[in-house]
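Quick one: this structure, given as structure tokens, is what I'll be asking you about.
By written order: A, B, C and D. Residues from 1 in each chain.
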Amino acid sequence: MLHFDSDYMRGCHPEVLSRLVQTNMEQTPGYGSDEYTSRAKKLVLKACGLEDGRGDVVFLVGGTQTNATVIDLVAGRYDGVICVETGHINVHESGAVEASGHKVITLPSHEGKMDAGELNEWFTSFYGDETWKHMVRPGVVYITFPTEVGTIYTKAELTAIREVCDKWNTPLFIDGARLAYGLVSSADVTLKDIAALADIFYIGGTKCGTLFGEAVVTRHPEWLRHIVSHIKAHGALMAKGRLLGVQFAALFENDLYSRIGRNGVDTAMALKKGMTERGFELFMDSPTNQQFFVLPNEVIDRLLPRASFELWGARQATHTPVRFVTDWGTTEEDINKFLCLL
Amino acid sequence: MLHFDSDYMRGCHPEVLSRLVQTNMEQTPGYGSDEYTSRAKKLVLKACGLEDGRGDVVFLVGGTQTNATVIDLVAGRYDGVICVETGHINVHESGAVEASGHKVITLPSHEGKMDAGELNEWFTSFYGDETWKHMVRPGVVYITFPTEVGTIYTKAELTAIREVCDKWNTPLFIDGARLAYGLVSSADVTLKDIAALADIFYIGGTKCGTLFGEAVVTRHPEWLRHIVSHIKAHGALMAKGRLLGVQFAALFENDLYSRIGRNGVDTAMALKKGMTERGFELFMDSPTNQQFFVLPNEVIDRLLPRASFELWGARQATHTPVRFVTDWGTTEEDINKFLCLL
Amino acid sequence: MLHFDSDYMRGCHPEVLSRLVQTNMEQTPGYGSDEYTSRAKKLVLKACGLEDGRGDVVFLVGGTQTNATVIDLVAGRYDGVICVETGHINVHESGAVEASGHKVITLPSHEGKMDAGELNEWFTSFYGDETWKHMVRPGVVYITFPTEVGTIYTKAELTAIREVCDKWNTPLFIDGARLAYGLVSSADVTLKDIAALADIFYIGGTKCGTLFGEAVVTRHPEWLRHIVSHIKAHGALMAKGRLLGVQFAALFENDLYSRIGRNGVDTAMALKKGMTERGFELFMDSPTNQQFFVLPNEVIDRLLPRASFELWGARQATHTPVRFVTDWGTTEEDINKFLCLL
Amino acid sequence: MLHFDSDYMRGCHPEVLSRLVQTNMEQTPGYGSDEYTSRAKKLVLKACGLEDGRGDVVFLVGGTQTNATVIDLVAGRYDGVICVETGHINVHESGAVEASGHKVITLPSHEGKMDAGELNEWFTSFYGDETWKHMVRPGVVYITFPTEVGTIYTKAELTAIREVCDKWNTPLFIDGARLAYGLVSSADVTLKDIAALADIFYIGGTKCGTLFGEAVVTRHPEWLRHIVSHIKAHGALMAKGRLLGVQFAALFENDLYSRIGRNGVDTAMALKKGMTERGFELFMDSPTNQQFFVLPNEVIDRLLPRASFELWGARQATHTPVRFVTDWGTTEEDINKFLCLL
């Protein structure tokens, strides 16, 4: 059986695992006050170009938790968060953002992306008269890189959104749950660009090589002044915090995060090439580790006993969109085996 | 100056005021445990056909407060509330519903109304696969009668929504902030129908003759078992609860609530007739106390020094939609004076 | 029947009522944007010595609502509020403060009052080591003036608490639900002192002459920048906001607020004198409109058919503490009649 | 350096680690819908005597998260939770319980334990009159086994608390963060007793052999009907849920959970024996893996460069209470080495 359902199906990258095994019997203080966590913080900040007190980082366990905790940190009480309709926080987080009192305000999605012009129009209209006092104020803008459908913003697009955020004095939060794959496939956006353009963002671990863990980075270190209490109030503080430190230190040593991203994207491109050569239609053209095709239902039925993947929406009359996801552990051999199934 | 901005611009109906004045120096126990409140409850339940323990009623101060408190009472923890995009809770309540953890889930608005078929489709799609566990469960359906744009549901339309709610085991909550005007203008919906079709609803006072106050009615009296604590936790319990009892008793004696509705609708119809006779275009055809026209900007500019009303959205190039609202205190003379201004 | 249960049993002071009646049919804009509210704001700020932009004021409906809304405004997300064990927010508000995520942290009560030395010790111990990151940070200090048992702080005591708040950089919030009675009975604390010593406080209306309403005053006007949205998210924004403005303008014209306080205190002192002369024991010596005695149960049983008052705690074997409350409407005649009952 | 600061300083028990390593490259569905989690559920329910649909279990990541999520599941909206003053949720969880709107109501602590008689008195007094409607209703009773100071309830004590909960119709929640150590040291309480006496409880993993993870067990399986959404709304749903399943399956195979508890308690008893033989005074007599002594400050100063442990409260003039914690990884050799340091 070949699995392409998602990028959280395996444990962690072997280099991460070996660090967890090596350090397992050591005793360290809890809650992220250990040396491994300090080291991981330094490595992450360096990779982001935020050394020397120009930034800070904190580690959380999972993606929905991170989105809810960060939005509740950055947005004012009862402020909302602007995102596109397909945004993860709007669709697939069981109301975790609303659970702490923040409305999700939606803009149209353009293959998963927000349009800077539409964002500016929204702000212009919102603050157009006094009525906004009776509406939910936007406290933060949320975008994903890559998006939920595997697309990525160009540097120009990100910069345009940044400028709108500056104009309306609203912070920008980038969800990087799959950042490794996005950075590798981007023509012009680097980790340092993300760190400079976002006010706060996170480097995804769960889908990019760790057992779990997301690194929240900000160039406003003062925002994290009471972060331990804030995280704990969200039930999100890990007792054995060093598990996060050990894993993120491994990701940011020896270029592992890039290698992980590279493997996911390379195998995804091999899959795309193989599928299009065989005449299958793309549902959406993604440069990252998520690939979307429109397959005849008979092909889907033939594949499913031997390969797992997601129907993208409900099954349709003759052809149905499907999603295939690769990751750091997918091999060329997996792709070849799958293409042979066709 | 003639005012048609809204229906909360005056104090209260003189018959209500006189009861407040008469009872002012009496001393009664607090928090709604007084005799006036008991009497008002009985009158309201009788008018709703819910006597003899078949229903219960509780009084709150304002509309947004009532929506937030009722939704938080009826929906499960972190459940969402379904409403149309133009729904008051989605647009004009500063996030009061999300403040207690409930997402507002939106359906298309058809001149302010929800379509039962679309509601059923939404439920069918939502519960179509296991994904819903990662989404916000719908804990209650919210509609307004009349809607925010002055339209009203027919009895058949309400019944169809009721049936969808039954099918998907989800309660129906009707916001009746302007109920007096809606009942008077409806061809076939009575207060008893509303009480039987909704699981819980409220009879608006603030916009229909009282200084403030909304009467929440339910045919599930057990839902109000701990209502005092729940209301107080929402900061919504009035110390001098009898003020609500005195006012609602006045509304439901001598047919006052109907007379109030009738005056609002009659004067609105006179306004509509006068305007259309003078060749002005309707923006939307409302049978209630809100009237919408599309006026040439020059007419708007000429009127504004002598009459106040709301632009409905941003001012446009040559013609702009506007809203006029009448209420229990609007007179035929007001309408005539206004028509003369044209 | 004579009623001494509480100070919210009557409607409003006749001078307030007459203003409501006079203005009833006027039409004004909503939500506190009317002229009456502007006028009331000016009068209140002047009485507090906070004219010329040195302060701001906003009106809410009730006491629990005000406490919850202000604490949620001033304290950081998930910060706690320090108060004495007998504090109203800790005991009698159905969890309204916790409802928006703020823990109530308690100190010992000294006849209802907080001790500045104990407050300082608490802070010293709390910030003594790093453990506080895992505890609830204190975001605001809450005291009541007068307290729930009718006692009042001297100016020296208030100043000492203020100094501790300054030392630990934590704002001070004073709940003045019964402020009128407290100011009149204090030897040295004026309204201007309260306004200068508290960061934010409220002037109670509900128990001091209005139908409802509390005026929140702060010498940090920037704190109220988004106050309309914040209040509305708490379900606390009154549509006919002018009702609050009309009432508070009446309270602060012609010295009415002081006269109201004076009547409550004078009649309370007459009661105290009469009772002690008749040999009844004080349970607590209060200078304000709440009076506490320890009465023999047989006296209580004899009085209850003709006078209502509260047992202060559970009935005891032979003697039980009781509370009597006077207000702006209590007359000398009421007191004399009551003393005759004995 | 010898570490006795806490029982979360190491990674996980080698038998748990080896299962994580073995399964690392397998691909499984997410969010706990995998086979490992199913297997772990069966093992846990069997150990609890809750097979055949008589109970259900769900896995969370950490202790504070579990307390907040369970209390918010079980208690009604705005209901409080009763615990002793030293209860973990009251002291060391940064307000995570209040964050979702639940007040912590405290009773006196008797060496960390709640007294059933005092609990009954509290309920009797609370429901003594109508005032409770203005107070926070108790929605759940919370105790810890073992307590925060290492003491344990006897079966008779637990049964007495259970009876009070039944009498007042309030569920009982037992926090078993250190349950392994408590069960081993108890004379008469078994895991099945805990499962039968509590309405809901959790079996701690983080402090008892896993990297992280707590197993919430209830004999009311219907309570977990919407648990995935509830957990996700709390930001507490682990994407790679199988990590929890793999670890808990390991704990409940081959009697590992008991062996872990046994090692912690045996080494703690060896420490206690060694210390008391050397004449050091017990601060509190604990039968579990936490040991409390009162040490002369000079002894503390001599030890600290070579052994870490916690001062229990602030350092005092000549002697200071200290806490030593052992766990599944502490060896006899560690204890002997430490005793030699003395």
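The rule is simple: a contact is a pair of C-beta atoms (placed from the backbone, for glycine too) under 8 Å apart; a residue touches a chain by one contact, two chains touch by 3 or more.
Quick caveat, the model's predicted, so the values are computed rather than measured.
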item: Per Cα centroids, the chain farthest from chain A; value: C
item: More contacts between chains, A-D or B-D; value: A-D
item: Mean-CA-position distance for chain D and chain C (Å); value: 42
item: Length of the line joining the C-alpha centres of chain B and chain D, rounded to whole Å; value: 49
item: Cα-centroid distance, chain A relative to chain D, in whole angstrom; value: 33
item: Where chain C touches two or more other chains at once, by residue number; value: 78, 93-95, 99-101, 133-136, 228-230, 232-233
item: Footprint of chain C on chain B - complex, ascending; value: 3, 5-6, 8-12, 14, 17, 20-21, 23-30, 61-66, 68-69, 93-96, 99-100, 206-207, 211-212, 228-230, 232-240, 243, 329
item: Complex contacts: residues of chain B adjacent to chain A; value: 78-80, 91-95, 98-104, 125, 128, 131, 133-136, 314
item: Complex contact set, residues of chain D against chain B; value: 31, 72-73, 76-78, 100-101, 133-137, 226, 228-230, 232-233
